[in-house]
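Both of the next two complexes hold chain A, though its partner changes from chain B to chain C.
Moving on, here comes the complex of A and B:
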């Protein structure tokens, strides 16, 4: 059998299964976005681009998108730096490394929605652990869900706690398979650990770093559970992200058609942004002379 | 100096990781009254621990029994992960070794297509998936949820494994093929044994993400097949019972800790330099 047979044998089963599962939801969403499906009438009529025009001038939706930009960039960068530090420590070797590695992975294993409830119980103003601790050391308590900055802080903390282990594991996978030769060469040259890190480790990790950053940008943009449980997008709509906005439109107000329009817009914007981010990161990390 | 910083950071991070978990563990042994009287941290000293929260979720007090839900979660997670890692691993190997293309689209576009499946939030896909499974008569079945989850897990496996296979020198495949293997045999005999760290990490991601899916489980299954996260959230009535929720939060990560503990041993330092003969 020729090489083409094997080529297809590797890729096609996975690719075709994925297409088979995803094609209907995608086509269906596109079709629905041109209808007027809502709580009072369901069905696939045709109203042209009405939903798309509404989306274009929906200031609340675009406000949520802008808020996401800040949120996604901040949490992903913090998770990348922390995750890289932890992975690098484990890779270099620390005492009881296996134990730490296992403990650090535990947040990833917890269900985000359930952990959000645990965080809620920590940040409850009256009976929560955070204010309890503040009180016990004589500080004044904080209105975790009524003030904008503390409310955002609780969400950032929950997200960083939950997802830094993802970065850690993804980057550790990359470190574990780095070739040995460049490090041996650096050692022979007497390169300092700092120099080795910036000149060898980080550049060699560029492809997997870009992969990790892109997937975290994708995942953190979908943030829903912690906002739903911790702040309900409040105070006001200070912590409302597109996913929360979408959920409100489509599953509480049953504006199915408009929800599908917003979802497709979100998909298109994300694809464009991610493509640009991937290009920029690849350009920054391109191999350069020493 | 850097050693002090390193261990200070390691200890700080470990405490940060353990803090909410210990809070949950402590809360799970509280009575409703102990929860509501304010923040307390030390059992026996500040409050009298009880097993009520645990009895409530293990079917002993007749309030709820999460064990059948845990078995459902195990079945669904196992098969969704198995399909994702197998087909995703094969696809990733293909994408790392061969050139695919159609008009202007090439390998990087196919890889992006895989990961793009994760962009849309589950909220958006819930309704179309509901209609799809309804027409296929797969609502409220294990198979239906397994298929839907696979579409979310396989992209992560592909995304991770392509980079991973790219790091394995091609000489290894070529050597195997010179010795008379066809590409599939070369993959199985020469590449798979070297890929244990990558497979282990993919499997960890697939299992964890599959296990923790809540949204699809809530929308696509009702009574016959209720998964653990869905059952836990259903416990959350008008008043949030923090003690049972804390117990179920701890309960639902125990199987994952066991799984990761077993699989994690394959995460050893690789480096393929020695593998080329």
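Moving on, here comes the complex of A and C:
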């Protein structure tokens, strides 16, 4: 038996695992999406593109998609800006930097559903701290879970609070490995701290920033637990995102075939959107003259 | 351009009270405006510290630094307005070559047109005119170093141009080319240049004046010729020149120098050194091979030959010491064995305890 046999033999466990957890479910989902598998009829019959046509005209699904786009862009942007500010602050060498690093990591170490319960208690309309605070300064209370904008606001706040430390940690690691020489050279060239930040620090951080932003966009698109606990996608479906929509169609209403179609569409859209985002960010951070 | 003056400047990184351990022992030095200086010495001799003190990267433990009459000791790096080229090419890799060269000027808020003209002119001078639109990160190491240099040269108001071993990381095939280019670029610009290197050849090529450093002190300063012809210590004699200066042990007896029992005429007065142990120093370049005995001709034992390309070095033994003689490649190589070497009195220097007499 040649060396190639052993190479393939040793690759086999990994390959089988890959087939079992990725390739098979993917292919199976594609097949299911062309069937009518639902709560009353299981099995792989063939209904052509019926599910795909339904998905295409499902305004609720596309509404959830648009909501997710808004949610992902806004929360990731705010997380990036706040995370960068904190990381830059620590990187510049503040006293008690270690303590701050630890404190800022607490949200990251909290289980999302527990964190969501804490936020829900803060935003409870009757006995929550948020309304209590508003009342104490003489303002009228807000229907955090009954009005659309405040309901979205609670989810945005919870998400930003929990994941800004991830950005902070990721970007701080990036800042700490930046070479010192360009900063010395910039100082020698007469650059002001502001110019150094915009022209040296930020562009040098571009590859790390792009990585962090993409990871957060992917992660934020999967948001489920905090919506489940905080608003249950309400009021109505005002805070519903694709993952929640998918879960409802597939696992509460057992529209398995339609759920598979939605999942595949979601996957395709995400691949396209993230590829475009990566290309755009890379283009923005290309070497420049001025 | 400005003169740079160190007044009792000392630098200790660990704040040790023992000055003998300082990176730069307290020193007074003046670098005159418009001249090129070479700082040479082994690693750890304080060359880079001296440069970083001038640019402000390092703040001195004691003393004052003046640019002309202005005390800049407490000024920031930017306020000092120096240009510095580091050992490793320091470029803004996220910018194009144009962006790199334009950066110091945009910091000075020059207009775009003025920047463009200036950058293009400097880029042409340093041979980077064709690469202006390229990402600086995609250049070769020697080209990157030229970009670093270019960033210093685009500014027409720099107090001094500091270069910290700029050729160390450059491949040998580009080194000579880059050295030639740098020399051409800075020639006639009237810039005060301080060039740190551990390569004496580089220093001698560039500098109007060389400062030889050792363990935090300047042990000798002077024009390249002066350091070569009259090193004031064994250390400088060994450091400058390739191969190093010959030092042969001898004694002064009745007002005359003798080595291995052979008397020599020297141009230095040694009458006050009666009976003292001394060393006679002479450059291998000034030791011709003779056919026969004569005045100041010594007999030595020719033991080996080292090939140095255009020249050869004859390694000879006299007493327990080695004396080297450099001959041109087209000269015949004497046979191994006894050899006559002429030590011209005007080229012989006398050293006692490592210092020139």
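Everything below uses one rule, namely that the second predicted complex is superposed on the first by the 267 of 290 C-alpha atoms of A that agree within 3 Å, B and C clash if a C-alpha of one lies under 4 Å from a C-alpha of the other, contacts with A are read in each partner's own complex, and residues count from 1 in each chain.
Criterion: contacts are C-beta pairs under 8 Å (C-beta built on N, C-alpha and C of every residue); 3 or more make two chains touch, one makes a residue touch a chain.
Here the structure is a predicted model, which is why all the values come from computation and not from measurement.
Asker: Regarding the shared-chain residue A:199, is it in contact with chain B (first), chain C (second), both, or neither?
Answerer: second
Asker: Contact-wise, after the overlay, does A:169 reach chain B, chain C, both or neither (first, second, both, neither)?
Answerer: The first partner, chain B, only.
Asker: Considering only touches as defined above, state whether A:270 meets chain B (first), chain C (second), both or neither.
Answerer: First partner only, chain B.
Asker: Is A:181 touching the first partner chain B, the second partner chain C, both, or neither of them?
Answerer: Both partners.
Asker: If you count the residues of chain A that each partner touches, which comes out higher, chain B or chain C?
Answerer: B
Asker: Of the two partner chains, chain B (first) and chain C (second), which one does A:246 touch, if any: first, second, both, or neither?
Answerer: First partner only.
Asker: Output check: A:85 vs chain B and chain C. Expected answer is one of first, second, both, neither. What do you get?
Answerer: Touch partner of A:85: chain B, not chain C.
Asker: Please work out whether A:211 is in contact with chain B alone, chain C alone, both, or neither, and reply first, second, both or neither.
Answerer: In the superposition, A:211 touches chain B alone.
Asker: Check whether A:149 is in contact with chain B, with chain C, with both or with neither, and answer first, second, both or neither.
Answerer: Touch status of A:149: no partner.
Asker: Overlap of the chain B and chain C footprints on chain A, residue-wise?
Answerer: Shared contact residues on chain A (touching chain B in one complex, chain C in the other): 181.
Asker: Note which residues of chain A are touching chain B in the complex, please.
Answerer: Of all residues in chain A, those touching chain B are 1, 3, 6-7, 9-11, 13-15, 17-18, 21-22, 24-26, 28-29, 82, 85-86, 89, 91, 94, 98, 100-115, 117-122, 126-129, 131-133, 135, 161, 166, 169-170, 172-174, 176-181, 193, 207-208, 211, 214-215, 218-219, 221-222, 224-225, 243, 246-247, 250-251, 256, 259-260, 263, 266-267, 270-271, 274-275.
Asker: How about chain B: which of its residues touch chain A in the complex?
Answerer: 2, 6-7, 9-10, 13-14, 16-18, 20-21, 23-24, 27, 35-41, 83, 87-88, 90-91, 93-95, 97-98, 100, 110, 112, 114-129, 131-132, 147-148, 150-151, 154-156, 158-160, 163-164, 166-168, 182-184, 187, 197-198, 201, 204-205, 208, 211-212, 214, 228-229, 232-233, 236, 240, 242, 245-246, 248-249, 252-253, 256-257, 260-261, 264, 267-273
Asker: Considering only the defined contacts, which chain C positions touch chain A in the complex?
Answerer: Residue list for chain C touching chain A: 55, 57, 76-78, 81-84, 86, 88, 90-96, 98-99, 102-104, 106-108, 112, 132-133, 135-137, 148, 151, 155.
Asker: Within their complex, state which residues of chain A touch chain C.
Answerer: Touch residues, chain A against chain C: 181-182, 184-192, 195, 199-200, 203-204, 206, 285, 287-290.
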